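Just below sit the structures, each encoded as structure tokens.
Two complexes follow with subunit A in common, the first pairing it with subunit B and the second with subunit C.
What follows is the complex of A and B.
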């Protein structure tokens, strides 16, 4: 009578299932963790490898004319390099803050570098809303590529030694500019 | 041991360096085709998953031009990729270099494929044995018919009906 009943390997099967479950979990859980961890994170927002290192040198023609402006000539001052374009709405909104900061923070040097825009459009724009700091043309996006720009506005804060202390992506407000210029000065305000 | 190897691989990740031109200056058709090849390895930073060679954007065109000039000046592929990496980070490389944690990206699929294959093979080997034969190897049921009936019902519920479940009257419950 007992032999008539098929005796399944109940305990063994259960152990095997646990093993399979553990193996599956070991494979799948890290993947889920990676997905959850990175969900909602912009894959394009990678930390710039330039931060902490020397700022790429540039010698660019100011739109107002005159000799090319070099980063080297600004040594000894905190430098704010702002990449912008007339077609970029947040760039235009942040320019008020940049202009105000350029007036307030006398020791800092502000520079605007044009990103993917045409000279006549920039000139027309500046005729209407003049900026207090030099605006430089960047033919072939040489400077933009050297600085790893992948959109505008992007702003770099450089210390007196020519090192990038911070890269800021997106429109800046006055407080942030002041704080980051302080950082570039090397003295917390 | 494995952890130590991983740690070593992470530490051994070499920082990219450019240095003086290490290749032969290119021109003409060779320059054109090399520019496309190297451009295909660079990510267009303003696009979604497009290479510099494939993207029609201004930024990609400018980057391609820079690749072209560097090739014409005698820089080799590794130097050019390294120079872009200095500005944009490793993200700019469409094909992650074999270093540091990137080993996982390259070896991961192989490891997963092997592990999956082993699992499938194990499952197939297990299922090839008829359940009756597998069952016969492992002990019988309790001698008490009532208990045996109960065990049998539980097994039928847990593992599916292995044979007709005797439905007698007087089953427990």
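What follows is the complex of A and C.
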């Protein structure tokens, strides 16, 4: 059968097979509904049991040198603890927002804790892009373990009493930082 | 520079695909030569642009151009070049780009191969393929952009997922999976074209079936490679866990296998046309569902790409495809008229129907088990998992039934069998069945289901072998040919049939091997100090020492284990724990000593080279190696069945050149 282009147009029929339509809809619509309902749910998300409880204490050496910084010494201020690393691209992208927020929100204290990274790399990084808040080394990842950090960036918002008000996973923007800091400010004393 | 080039290529591909899709569909509705010529050109352009976009990304990966978003995300200067090259499919955006490459290649090549055939169908098919191409180009242009510009490029990146770097199987598994998954778009386009044209005749069945068979072969290999990878890497000693992502690859395989069989009934009897195109459409839709499963973050799985923003976009595409298919079927399925009818009674036809129903039942079982946790979450707000018991309970009986039907069908004649024919066909193979079951029992098989699998496997194996030899015997008897001559001519004439039986032989072997390996193994957990030994069955394992091995992209702590069996030294195994820069959790590498009858499998739980201690999971897994062999046989059989059309085509071309007569159809 030699093929020839163009073909003749297909026959037009206007018969709608209702059985097929009903069966197809009965299968397809619930499936779409279930998938739609579950969209946006993260099966990995387990609410941190630390939220609402006291923030684990730490005393860590700032990369710039000097005495170890303790969480205790920041009592009375809302505290933003940001876990980050130089190998983490989203961490670097959120640092602009963090620096800007640290300048704008004068009452809050910002702290960066280095997660799974080496001192020379951090120093080289900070020489190029300095941060406006102290960056602390976390040898043996003790603080990261105490805070249950499973990846970076993760940021903890702590109120003046030393309670964790919120844990944020992923890169932050300025609005979110401002909102969560005011939540840390406003929590009952 | 590179990001802009990449983005431009993607945008051009989007343009070519959407314009080509609209034009081709319009050409389908109002045939015109110019419309068809330009539809084809746009299909080639789409394939070419996707190729260029992928080459651009490869260049960026190998040149460590961290101004490209994807490279900044998965690239690293500290990994070997081959890891950089395969990073293309190590993460979300790159894998979608790779999807585009595979789709582009399939579309361009299939369009080219059929450029002057099937004028009623091809424009519709190209329209559907390019619509899919437009969607994936859109994903790459927006929601999953691999060529985003990084404003302040980092000096170095984290490197790809450690699992990808850990084992070569993870490097070759994804390309096979994509070749299978993406390839299902082609038969879907053909099926839609058959509905649009209102015609599924004998001539169009061949491209439809071949378009289905090729990705089916890839998907078969990919599923087993995935299992093999899990076995060699994950360290829990098994190869299949009914994980949502494993199910995602298995579901379209089930419907595609069913469709390959129902297409035979269309060919033989002219019936089940609507059913066959439904199965083909279902196969495609299940691949999109699978893509949603792995990339939306909705399903909890070891393999899923973590939290991504493209879930809603893929769901929208899935919903549109589902609704489009339902509407198209409801409007057009009645145009596919049956040309014959099925005779009721016991026959090969009936076996085909049973087989099809079993496969569909299997599909629904797996689909239900996969989606059920989501239903529960939606309805009751509880998190739950159906888990292995459900799947095993359902899959084992269906698998054994399929194994049996695979023997009954080929043993029976087409049409309608008389009582005597049935008896003659079914009784002798019972000998094979009894023999295999007895052998299994003597070797210590006591599980009821495994014995039943051996019974059905033995039955089906005998039928399959005799069906393979039958044409050779017939030729020897009828034409007086010697065995070699008969083999050659039988192979020439009935290659598709022969290939199909090779696939069946592989499937029997696979099912029996799965049954034996999952019921006959033994395992033990041991904790050893340097110099200490432990034993499992006939094996004695001695922990000599722990060693630290530095490699460019990882540090590996391995246990030197001396292995003896029945007092004879077998060699040394090195189960290891690997540490990667990009990952906090170490990745284990089990050591497997594969043999014809059983594997010895060692997996490290904990190891301390300095303290000289190791904790191991030791398993003896019987017959596992046969699963890999069986898959190779199945793939080979598929290839044998696929090759004739190519040869027939070459032959036809030669004949056409010689006689300048159109003699393409009707050969073979």
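Just so we're on the same page, the second predicted complex is superposed on the first by the 142 of 189 C-alpha atoms of A that agree within 3 Å, B and C clash if a C-alpha of one lies under 4 Å from a C-alpha of the other, contacts with A are read in each partner's own complex, and residues count from 1 in each chain.
In the analysis below, a contact is a pair of C-beta atoms (placed from the backbone, for glycine too) under 8 Å apart; a residue touches a chain by one contact, two chains touch by 3 or more.
Please read all numbers here as calculations on a predicted model, not as lab measurements.
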Touching partner for A:134 - first (subunit B), second (subunit C), both, neither: neither
Partner chain(s) touched by A:160 [first = subunit B, second = subunit C, both, neither]: neither
Contacts of A:50 with subunit B and subunit C, given as first, second, both or neither: first
Partner chain in contact with A:62 - subunit B first, subunit C second, else both or neither: neither
Touching partner for A:20 - first (subunit B), second (subunit C), both, neither: both
Partner chain(s) touched by A:38 [first = subunit B, second = subunit C, both, neither]: second
First, second, both or neither for A:28, with subunit B first and subunit C second: second
Which of subunit B and subunit C A:116 touches, first, second, both or neither: both
Touching partner for A:89 - first (subunit B), second (subunit C), both, neither: second
Shared contact residues on subunit A - subunit B and subunit C: 1-3, 5-10, 13, 16, 20, 43-44, 116
Residues of subunit C that touch subunit A when the two form their complex: 27-33, 35-36, 72-73, 116-120, 123, 150, 152, 154, 156-158, 196-199, 203, 274, 289, 292, 296-300, 306-307, 311-312, 315, 318-319, 322-323, 325-327, 329-335, 371, 374-375, 377-378, 383, 581-582, 584, 662, 664-665
Touching residues on subunit A, where the partner in the complex is subunit B: 1-3, 5-10, 12-13, 16, 20, 23, 27, 43-44, 46-50, 56, 116, 140-142, 144-151
Complex contacts: residues of subunit B adjacent to subunit A: 45-46, 58-59, 62-63, 65-66, 84-89, 91-92, 112, 115, 119, 126, 131-132, 134-143, 145, 148, 151-152, 155, 158-159, 162-163
Partner subunit C, residues of subunit A touching it in the complex: 1-11, 13, 15-18, 20-21, 24-25, 28, 31-32, 34-44, 86-89, 92, 116, 129, 170
